[in-house]
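You will see chain A twice below: alongside chain B first, and alongside chain C after that.
Then we have the complex of A and B:
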């Protein structure tokens, strides 16, 4: 009788384990592939963000003439009105657009005169290697609080910088000739109040010639 | 009539004395609210400053603050959380040991109704801690990377000492640095090893790297304790003039060595600012505020021989 009870108990336990297995065996390769699939794909995200959110938002950038005039008249007021910054960071960003005449071309930048009848370099479009967070933090479109792991948020900076180097700068270099007018939109990073803003150094997001 | 007035005055007198006595007894017996300061390790002066500043600010604000040392051990950290939850602490100022491994501890405190404010290091969750005050390590390391190119040049071999591999700051610093340096193909990283943010391990790891790669021109260290250990190894092997050392933290001993021209640069992280602000956040929470930003990046400034005079005592002069 006792043996029968044991057999029934073992059969029930086996049936339960068969229906609801307490663990699964997964090959290491499959587990690694699953983990990779779950990981944040920075390059893909940056590409989609660039096309679907950043480019359609360029008209929200402050007009360059308005910004430069505000900076010239009262830099702290211009910072308060037009800049963005992250957390307690001292450095801040401007998101601007406008057009200007090419006044000089060097390896690392293309300088534009923005004000009417000006021949001074007022904006320098950066055309060298691009580093830092200006594109990520300058537009206000991306929020650090949406990223549980800040490494993903930081990787986005590098991915956006690479898009500029790959897609924007080569085209700009091809377009720029002294005396020509270039329309642009981009972001500028200002370290602190002592930063020289003449010219304002801008990482280009989009450039067009008429 | 006179007796009536006397009785009334007597009653008022007794009531006043009773009221005063009750208030005095309440003031004496009302215990202060308790705040726990849980720190990844106290075996590093930078974290001692972080812990002590947080405690001092919490004490100033009228709380009874106690420091708990997790000794860079997630199990010890979990035990600290169990203890402080059982002891009825009202808030936790928390410097985690592991971005993933510490999430469970924060959730445990949250379930017990205790707000947690992360300081300097983050946890990989945006719905566990009440707020996270984090060093902007990535941006700081981009600045160090740019300065590295200026001072070391675009050619040559270098090494990197990483911090604790489970900590996001380790990778944010490394990735920020490499986002710049890797763009220069003439610069070759010949060794990248973890020394766990520890000075003694920094000395050991750097010593073995120097044996295998005697011609390196520079070393980037993920914190200043490792930079001090690396510098010690360089002095011991007579290579302190050959190899440029770059740190991260803004620790006082490194800032002094930068001023003496012995270390090239570090990133000043402002631990006192983060610690004070976190204690003030906890105070605001305990007084009823609830809308805190989840993540607050705190700037990291590049300290070099050119601007070192502006910095001391874990911050700006």
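Then we have the complex of A and C:
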């Protein structure tokens, strides 16, 4: 009787496993290829995003003069109208473009006067090491919900920052001379309301000289 | 069943009804369908653990390893699903389906629970010590298996078990409800159930009457491990990630639910339905204290007092019965 019970149990288990196979055996090479195809290539994605989506969207950035004027008049209103935030922390971001006259050059930044006849540094284009999520979160082009793995989304920030460090900053350093006018587009990260926004520190995405 | 026994059995139910009434008056968000569903979802994992814990406590034992087994089973299943097993020597990789990974996770829990039972019955170690050892073993195995990192991105099919809905009710609630029904029948309508009560009532008497006490205990601990594993799979599926530190302290919540539900820590007395009430009481208490915006630190203190009150009521009732 006991043997019959066992035989029936094994037969049922075999039938279930036949209908719903618990695993598949695949050659190691195929498995490795599948794994690689599934993996998110952050660097490649960042490069494609930069060329195909970010650069064509620079005209959507808010004009720097309009933004700076709004920040000067009413910072909370400027934040409400122009900033973006993922809501994960208190940081918020501005996506801006404009042109300005180079007023000073240091190791870490190139300062621009934006307003007409101004000689004060109103925008500082960062030229040192780039950190943070401004490029990823500031443009509104990337949505955290599109990335099931938060690690991939975090890596994307670093990959975009590396593009700025390797492609944008060396070119900007070569172009910038005191008194020259530079057109720029970039993103600014503001930690909290109390941050000093004079000058507004901007991570450059694109810079051009006339 | 005399009047005192009936009152004793109804204690958890009365406590739950009183809590629901009081919280309904104190918070307008409490007595809503969404909140009720939320409470059921919150208790579903504890229910899985507590069902097993009820069986163990009914035999007069205790299992401190359920939280650790939960973590291991969840991580084991997630690891198999995500990475499979590489058989380098044969040039093959074993890729697990969701069904296979779930099965392997439950089996892993069953084996660890069975090992608990083996140590308790063959080496005669007290359950407290044996399962404390397993707590450490399972935690260590989880860290070894995961390298200390969460295993994430497990896919929507797997996640359905913890995050999906069926007929408007979370799948986790359906799973725990099915387990409650199954183990209610096991304890009430099967020989195994009757033997579990007999072993907990008096091990010697059970042995004299021909019951294989060791085998019953072995089965009980193995089933408890499997139930903890199901809890681990639900947690992993809900988070879409196997956290190696998942389930820390869950064993205490499950013991609390069993005790509050009227199961006697000395064994032989209690029920699955009592445990369900115990889980509901803890769930309602957690939810109510949260809705009333009471600090998590105070929540711990209040929960502690509720457990003490439940055990004290049990002891008081038992003493009065033995005097009378």
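In this section, the second predicted complex is superposed on the first by the 178 of 210 C-alpha atoms of A that agree within 3 Å, B and C clash if a C-alpha of one lies under 4 Å from a C-alpha of the other, contacts with A are read in each partner's own complex, and residues count from 1 in each chain.
In this text, a residue touches a chain if its C-beta (ideal position, glycine included) is under 8 Å from a C-beta of that chain, and two chains touch if they have at least 3 such contacts.
Only a predicted model underlies this, so the values are computations on that prediction, with no experimental measurement involved.
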With both complexes overlaid on chain A, does A:132 touch chain B (first), chain C (second), both or neither? first
In the superposed arrangement, which partner chain does A:180 touch: chain B (first), chain C (second), both, or neither? neither
Where does A:151 make contact in the superposed view: on chain B (first), on chain C (second), on both, or on neither? both
Let me test your reading of the model: by the given contact rule, A:21 touches which partner, first (chain B), second (chain C), both or neither? second
Of chain B and chain C, the chain that contacts the larger number of chain A residues: B
Now for A:91: first (chain B), second (chain C), both, or neither, which partner does it touch? first
A:74 in the overlay: touching chain B, chain C, both, or neither? Say first, second, both or neither. neither
Looking at A:108 after the superposition, I want to know if it touches chain B, chain C, both of them or none. Which is it: first, second, both, neither? neither
Per the definitions at the top, what is the overlap between the chain A residues touching chain B and those touching chain C? 148-151
In their complex, what parts of chain A are in touch with chain B? 86-91, 129, 131-133, 144-151, 154-155, 157-158, 161
Complex interface listing, chain A residues touching chain C: 20-32, 148-151
What residues on chain C touch chain A, complex-wise? 84, 86-88, 91-97, 99-101, 103-104, 152-153, 240
In their shared complex, at which residues does chain B touch chain A? 99, 122, 124-126, 134, 136, 138-139, 142, 145-146, 168, 171-172, 175-176, 179-180, 183, 273, 277, 293-299, 301
